[in-house]
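Handing you a structure now.
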Amino acid sequence: MSKYVIIGGCAAGISAVEAIREVDQVGTITVISEEPCPQYSRPMISDFVGGKAYLEKMKTRDDKFWTKQSVEALTGQRAVKLDTVKKFVTLENGTKVTYEKLLIATGGKPFVPKIDGLDKDGVFTFTSLSDAERLVSKIEAMQLKKAVVVGAGLIGISLTEALVKRGLQVTLVELQDKILSLILDPVASDLVANTIRSLGVEIITGQSVKNVLGKPETPNVVGGVLLTNGCQVLCDCVIFAIGVIPRTELVVGTDIKTNRGIIVDNYMQTTVPDVYASGDVAEVYDFVLNQNRLLPLWPLAVLEGKVAGYNMAGKKTEYSGGTNMSSLKYFGIPIVSIGLTNPKDVSSLEVLSAQSAEENVYKKLVLKDNVIVGMIFVNDIEKAGIFFYLMKNKINVQNFKHVLLSKTFSLATLPEAIRKEMKISE
Amino acid sequence: MKSYLPVDFIVERDESKCIRCKVCVNQCTYETHNYDAQDDVIRSKDENCVNCQRCVTMCPTHALSIKKNLGPFRDNANWSSEVIKDIKKQAETGGVLLTGMGADKPYLTYWERLLLNASQVTNPSIDPLREPMEIRTYLGAKPDALEIEFEDGDIDLKTKLAPQLILETPIMFSAMSYGAISLNVHESLARAAMRAGTYFNTGEGGLDSRLYKYGERAIVQVASGRFGVHSSYLNAGAAIEIKIGQGAKPGIGGHLPGEKVTEDIARTRMIPVGTDALSPAPQHDIYSIEDLRQLIYALKEATNYSKPVSVKIAAVHNVAAIASGIVRAGADIIALDGVRGSTGAAPKVIRDNVGIPIELAIASVDQRLRDEGIRNKASIVAAGGFRSSGDIVKAIALGADAVYVATAALIALGCTVCQKCYTGKCPWGIATSDPWISKRVNPEIGAERLVNLLRGWSMEIKEIMGGMGINAIESLRGNRLHLRGVNMTDTELKILGVKMAGE
Amino acid sequence: MKRIIAKQEHCMGCGLCEVGCAVQHSKSKDPIKAYNHEYPKPISRIRLELNKPVSFAIQCRHCENAPCVVACLTGAMTRDEETGFVKHNPEKCMGCWTCIMVCPYGAIKADVSGKIVAKCDACTELSVPVCVASCPNGALECKEVTS
Amino acid sequence: MIAKEIILAKLDSRFLPHVTFNDQICQVNAEGLHYRDLNSLLRTLDSHGVEKVELHSVCGQRYIGTDLKTGMAIEIYGTPGNDLAAFMNGPYITVYGNAQDCVANTMNEGKVVVHGRAGDITCYGMRGGKVFIRDDIGARAGIHMKEYMDKKPYLVVGGTAMDFLGEYMAGGVLLVLGLNLKGDEPHKARFVGTGMHAGVIYVRGNVAHMGKEVKMVDVEKSDMLTIEGLVREFCGYFKTDFEEILSKKFMKIVPYSHRPYGRIYAY
Amino acid sequence: MNELDNKFINPFNQDKDFAGCSIFGMMSLEGKRFSSEDPIKAISNMHDRSNGLGGGFAVYGIYPDFKDYYALHIMYLSKDAKEKTDRVLASCFNIIYDEEMQTKAAKVVDPPLLWRYFVEPKKRRSPNLPEDECVIQAVMRINTETGKAFVFSSGKDMGVFKGVGYPEDIAEYFCLEDYYGYLWSCHGRFPTNTPGWWGGAHPFNILDWTVVHNGELSSYGINRRYLEMYGYKCTLQTDTEVLAYAVDLLMRRQRLPIEVVSQILAAPFWSEIDSAEPKRCNVLRALRQTYGSLLMNGPFSVIVAHHGEMIGLTDRVKLRPLIAATRGNMLYLSSEEAAIRLVSPQLDKLWAPRGGEPVIGRVGDKKIVGSAVKVEEPQ
């Protein structure tokens, strides 16, 4: 009888459970999670802040999930030690949980720069539901009016929107020249930035927070931030949404090798047999860059967890890879961004783009050797998935390149062979 | 040149019903409807409308209707609106007036003047629902007598019968060429013929290789252009038909303009893509009756005498004599196409003025062949505007073995007889070679509609036969005693070989 | 399992499937009301893909390993174990468009509110999906397939 | 190798007096044989793998070469009847004598070489293969000839042609050498290329009377390549002097349009 | 002619009869008589061009003993007709000799009574009328008045033999092996409308003019009405009959040479006339203006013969076959070359005349008129 232990009950963990159960209905599964109810959607925490979501809605699986899958769910418990030789995990309360196959899906933790004033009341990070709950109760309790969001990445922007919805005045501070610089090119970035500004948000780019300032009357309470350029921004709270870093502390001292995250192969196995890792904690394969790297994205975590689960249960399954891919819904501008969207060196690349100011539409494709390696779609995203398919399957688009971005592009534009492969019609 | 032509039709759109779904826009192949995005409204160009009813049929809210433009011209029995418009059109183009489908004038039909018989009291009618009703028909040359060997009670047939076509219903699909009609229509006809136990005729444009599987139900045509005529084609069909003439345009050839010769059609016709496919009126190796015999036997040689050879002619003034010659030239089937026969394109002046009604042709040919004692040598297939099972029963009673239908088949497939086949833009996807428009006919649905039509007509034929007290179609064939005429002169009755009603 | 199959060779691009779908997913279920009097206009979950002479109607294929189910951040997109259809739960959807991003058929779109997605629900409440019933040319077929 | 005994055993007894074998060649005395019998005999020989047949004393039998499944070689001595090689799909026919009307009617593949003249309507609707006529041909030669994909029909005439040469021509190549014309005497044919809309007619010498659909232009280098190839083949069959034939100027007749009747209708 | 009789000859009340055919002609240019063997052999070789419903021969130089008298061949469809006809004949002619034509059993259909008369017109009846005209009037009268009697041959020192059957059967029936002539024209017929009627077979004859014809004249209606103005009665409803009468009118009565007559029957196109040199243009234009109604439109090839001359002609666009050949003093005309080759494997010349261009052979004139392009013997 196999015994599966999964540390982390979020995207990758749940997905792994389901994968294991597809293959093995009898082996025992134990899930260890710090959170009392880990099966909620982390990306929804902004909606939680924005008042659009509540826990019940955020649950990706219902409460009976664990029992239905015959999982021993050790929720609210933290794994603190791992022995890969004797194959057991030690919990915070001292309990030892032995395993035959282990999945580490501990995810990431927010990155906060080491600056002064972080201890003040009103400094937040923003990655988990508890972060969101804390923030909301603070806003409500203290009637906060002004917030500074540090980091204009996906989380920062989504939080900004949620805060705007709550009636706060927000200042967005971004170290890079452009917002969303990891996923958008300057054109798309400006499109978003203009919209955000039009809603009263102040965006400050090229700056970071030097330290957090207290209020004059109550220095322990956040009263503003000092930027690197010396300017001060007054606010009631500061939220750091710069990004996450892998939670690898559990593997310290074991033979499991890490880089920035845990190193895994394409079967999600770590350098130690029977130990797997997936999700934000692992460095996984990027099919665009053709190398492993951190890709802390929910859909990929699900996919990785699934691959890990299959392999743990003995169904050999290779991970086909992911890449940096995001869809944005904020401020009413739908955006899809995948892969190399803003390459620095375009010498070996080809960039196709189309823009319609009238409809506020922007589309861009980055091609390498006639294969799509990156794309941005702004405002007209319905068919983006078709391009992602072409990209993921590395389909040579040379023969129909000229129509890719035309208004009439559709599945019908694709060569018949591809449509056949996709089994679109009989 | 400024056109003086008024519009033929007016599109009426009920704005309260129009949902701007644009189905009319994309269904009209003549670009009558246009969506104006700025005003969110659909507008129609009446001058483009041919009243094909496609948009009316497809509109999900029944917001459309097409009205005839009753015309700006004063009523005049001689200078009718049609005449005035035709003259204006020619004054503006200097061309030959082209039209599609069969003659549309009211004065060329005799079916209405022939009435059928039914049994009363003295001879019993038969209930066709419960009793056997046989309408199977064999086409081909029959011997004058059979040689039978009779030995010790064992009977053996010595005579070898000529090859025959077997029809489970005496209705076949008449020649319509691939190119004039779409592949899907060809396939619909082929499938329906297969299922109904009858035959379809390829027309002169060859048979697409994808349809060879229906070859056993195909009559393959050989016309002057010899398009797609190849030994495999000749051997693919169940019979071969030499097309001499066609009722809609006796003495006139066919002409498939190059723009309609798409890749598929070119492959089937065995000509390069985009070249005009000209089928002049004469077969260039037939300028006399003995030449016809030469071609008939060339085709028999080419298929080792395994298939009946049909000769199709337009019914014209000397039709009986011509038919006699054709039979004597060795044809196993003679197909007669009357003045109301249809076409994809014909000069209007020819269509409406050349030829004779099929009723008279059937009657005179059947009688002539009997007078000459050669009726056995060939079957008669009549064509040209059969509209109902009633017409068909009358044709068979006059002497036809079977009939060809084409227009009725197309109507079953959606055709509304708008007479614009020659434009190649048939909104019903029928008379077109455009692969996009052609999709409008789904061969499976098409076949079902055609089989339904044949089924309905066949049942009606059986009903009529039952009423006459006849349970086998042989007893109807040429049985003119079951016909009576009304509203006819003695000469007409004489030619038709029928008595006046009441006689 | 029943699936809606598109038949490219028979699709003539009329768009009646779209009309049917939109009306079916409207409040009134009446075409004139739905299009002319409902605001926002109901949207169709099936889309006509057109590149003459190629055309076909595309809607959710209810893929076996549906990328949208995997990618869904909220658990709104699930597979119905019984019918095998990919179901979308609007209650759980947060409109993040991730499913749109990964759908190889482009078969998911924003719904009328623009706040969540809408996709083919296979009209499970009807005996025949409305798109199939609306197609005048047999270009859509609902038939049993083996997975 | 064919086993003549086996073949002879399979033949209808009435054919036996007509058939002899000389090595691998089957010799048929066609005298008194009706065309149906003669062609039936040829079919039988063809189906038994006979590759070469000599037909002697042929006098008017029609349809020779039709419905044979292989590329049988047939030598004809005498005068074959109408529709020689009609619908033919492969065989190689040589006629030592004149051919009558409708040679190569709708022929698809194969070859016909006539050591003499041919009648009217030669190569009607021909789609593929080659026909070589040593002397004159009758009226309407090459009518409705057409080409299709890799199929291209060729008719080469040593003498001159009669009226309506290349009428309705829709493809293929006609080459008329006029070797029997004196000096600058033009070709006899009137209405050359009337209705022609594709293909090409090459003439050695001049044509006085052409259809309104065609024009006469100078030959180009590529044309000469075609002409030279055909003339070389012609010379091979008929022992004619290649250089002498090439010494006279060739012209080519081509249609003005592929759509000669595009503008006659009022829509 | 009463309606009943009309029904008999033209049972289907056809405007005209038309027929496909084979034609063959053979003539000694020296006027030397020869037997029927070769002509019969040749015409039978084209068996497939006819269908057994008509065959016939015209032979010139067969009655040397009676060469000064008109030889009338008459077919009687009833006894009654012969009595009537004999009275007409007696009133018009001095009958020098008459007999039932010799026949023997053969594959022919319903042969009529066949009678041969040698006659001379009675001068006293109409002293100013040329003898030929007397004969024509009598022929027209017999053919139309009695209804069941038909004069199918009326020339001097020549005779027409024809009936319902294949030509070889007709030859057999008429015992043609016993006849010798210097010019034979032969016909195998493929009629399309009749169970076979003897008068409808070819050749057609008036005086010593005979025509055998292959094809159909689309212009028949007007050709016939034009000829009717000149007193010809077209009783046989065949286009060949009008050809015979047209030739009679133009060549015998109006004395136009065949070279001109061929330009009437197969008139050149206006485009050719317009481009001819002025003098010729003038003539050709006048011919077409005057004789337009005699333009024979539609496919035909014919062999027209009278004493001393045999003419082959096809329509102007050459829709029917005609092959001409010579060997020694013999001129051949035929629908198919094979027929000629059968009787004369070796030939001096063989050619296909072009459309509308006559081939003319005359006794005593070794030069053949016609367009022999290349005269070379195939090996």
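A, B, C, D and E are the chain letters, set down in written order, and residue numbers restart from 1 in every chain.
Criterion: contacts are C-beta pairs under 8 Å (C-beta built on N, C-alpha and C of every residue); 3 or more make two chains touch, one makes a residue touch a chain.
Just so we're clear, the structure is a prediction, and the values are computed from it rather than from any experiment.
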item	value
Topological distance between subunit A and subunit D, in contact steps	3
Remaining connected clusters, assuming subunit A were absent and nothing shifted	one piece
Contact-richer chain pair (by C-beta pairs counted) among B-E and B-D	B-D
Centre distance in Å when subunit B and subunit C are each reduced to the mean of their C-alpha atoms	43
Whole-Å gap separating subunit A and subunit C, where each centre is the average of the chain's CA atoms	28
Approximate Å spacing (C-alpha centroids) for the pair subunit A, subunit E	106
Length of the line joining the C-alpha centres of subunit C and subunit E, rounded to whole Å	84
Sequence positions of subunit B contacting 2 or more other chains	294, 297
Residues within subunit D bordering two or more other chains	35, 62, 82, 101, 140
Contact pairs between chains, per stated definition	A-C, B-C, B-D, B-E, D-E
In the complex with subunit B, residue positions of subunit D that touch it	35-36, 39, 43, 62-63, 66-67, 82-83, 86-87, 89, 101-102, 105-106, 108, 121, 124-125, 127, 140, 143-144, 146-149, 151, 167-168, 170-171, 195, 197-198, 258-267
Of all residues in subunit C, those that touch subunit B in their complex	9-16, 18-20, 31-32, 34-36, 52-53, 55, 134, 136-139
Footprint of subunit D on subunit E - complex, ascending	45-46, 48, 272, 317-318, 321, 323, 336-339, 341-342, 350-352, 354-355, 371, 373-374, 376, 378-379
Contacting residues of subunit A [partner subunit C, same complex]	15, 41-44, 47, 52-53, 57-61, 298-299, 302-303, 306, 325-329, 332, 334, 336, 338, 381-386, 388-389, 408, 410-413, 416, 419, 422-426
Contacting residues of subunit E [partner subunit B, same complex]	11-12, 14-22, 48-51, 53, 190-195, 214-216, 299, 319-320
